[in-house]
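Sharing a structure below in structure tokens format, with a few things to ask.
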Amino acid sequence: MGTPSRGGVPTCRDEYVDDLAMLVGGSVWSCAFSPNGTLLATAGNDLVIRLWDPGTGRLHGTLAAHTRRVWSVAFSPDSSMLASAGDDGTVRLWTSRTRNTRSCAPP
Amino acid sequence: MGTPSRGGVPTCRDEYVDDLAMLVGGSVWSCAFSPNGTLLATAGNDLVIRLWDPGTGRLHGTLAAHTRRVWSVAFSPDSSMLASAGDDGTVRLWTSRTRNTRSCAPP
Amino acid sequence: MGTPSRGGVPTCRDEYVDDLAMLVGGSVWSCAFSPNGTLLATAGNDLVIRLWDPGTGRLHGTLAAHTRRVWSVAFSPDSSMLASAGDDGTVRLWTSRTRNTRSCAPP
Amino acid sequence: MGTPSRGGVPTCRDEYVDDLAMLVGGSVWSCAFSPNGTLLATAGNDLVIRLWDPGTGRLHGTLAAHTRRVWSVAFSPDSSMLASAGDDGTVRLWTSRTRNTRSCAPP
């Protein structure tokens, strides 16, 4: 079991691998997993909140309402709601219509 | 079950809908749900911490004491306390008088 | 049970009251409760991490090592460790000597 | 059991001691413990996410893919994934190959 050097710092083989990269429009200031683990929410300069399936990196949906950049997103403890806020002077609450069940059919 | 395109990105029907928008005074830097899920706290440039009922979007109360913008709010694990801090050189602790029971009668 | 207006917005009687204000030196960027609820950690421009007893607002201790402002503090899930980081190019780990038991005698 | 003064503020003997200092390249904006407590993730201006063993302060691995500074890191609730995001317009998901078991042999 080798331990190759990288940049002079001895490291283990990376425990976290298989990078999925999802493109968004501009800087992202906040990312949060839902407590039930089914979604990842991200938000930033491009005004929309994106909801991702963390298992596949697939875009699950977008929430568009803010008119200025979004600094903060947070899920409620039961994952049924998402709050978002930023520079536009509103706090927005988004509610899960299906309350944590998947409603997306694969393409 | 259709999967309409939006902006060229195939998406599911949004799982999170029914946006509630609550007006505050200026940029919001921090939002946090209480661990018991009964309240959402927000704070930012207008100096006050607002407490919202996340189910209805109704304003539950305001905490006014900071004299400069507030960067951070956090609930204690049992939801009985809220800490806030920012640019005015104080850290403030707010304690639930009724310890998590609702004390507001509907108007 | 009255519901007085405040600034034109109908509100409930504040559920969170009894504000404790603790003085620190300058802007605070981060505050976090330990998962076991016994401590509140704050940090910011004055370089030290302060640990507070959230029940009384009393200063429990200070952790001084950073040489530039601190942006982030976080407790480990079992509350035994605190991580801090900011502009000085170090990440610091602080370990509870008494592992969550109170070691402070009242003055 | 004495309570020595420090800077005029009466304090307890520090409950958190034994500072471990780990060097990184520049400002750190975000640090987060994995929910299972086995890792600490940090990220900031030098583009890489570092994973540390919080018990020893040892570098467990580095995740290099971002091309601009990283503002936010977050673990999934089961600790199997890490999300990172910042200025480069991507959100990255890193998955634990060994799903929470240690794969590093001591050097």
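A, B, C and D are the chain letters, set down in written order, and residue numbers restart from 1 in every chain.
Assume a contact is a pair of C-beta atoms (placed from the backbone, for glycine too) under 8 Å apart; a residue touches a chain by one contact, two chains touch by 3 or more.
If you're wondering where the values come from, they're calculated on a predicted model, not measured in any experiment.
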Checklist entry - How would the chain A/chain D interface be labelled, same or different, where same requires over half of its residue numbers to be shared? => result different
Next on the checklist: Distance between chain A and chain B based on Cα centroids, please, to the nearest Å.
Outcome noted: 19
Next on the checklist: For chain B versus chain D, what separation do you get between their C-alpha means, in angstrom?
Outcome noted: 27
Checklist entry - Which residue numbers or ranges of chain C touch two or more of the other chains? => result none
Next on the checklist: Taking the touch definition from the header, please name the shape of the chain graph: line, ring, star, complete or other.
Outcome noted: ring
Checklist entry - Can you list the chain D residues touching chain C in their complex? => result 1, 3, 6, 9-33, 35-37, 40, 42, 44, 50, 52, 54, 57
Checklist outcome for this item: Residue positions on chain C within touch of chain D in the complex are 39, 51, 59-63, 65, 71-72, 74-78, 81-87, 89-98, 102-105, 107
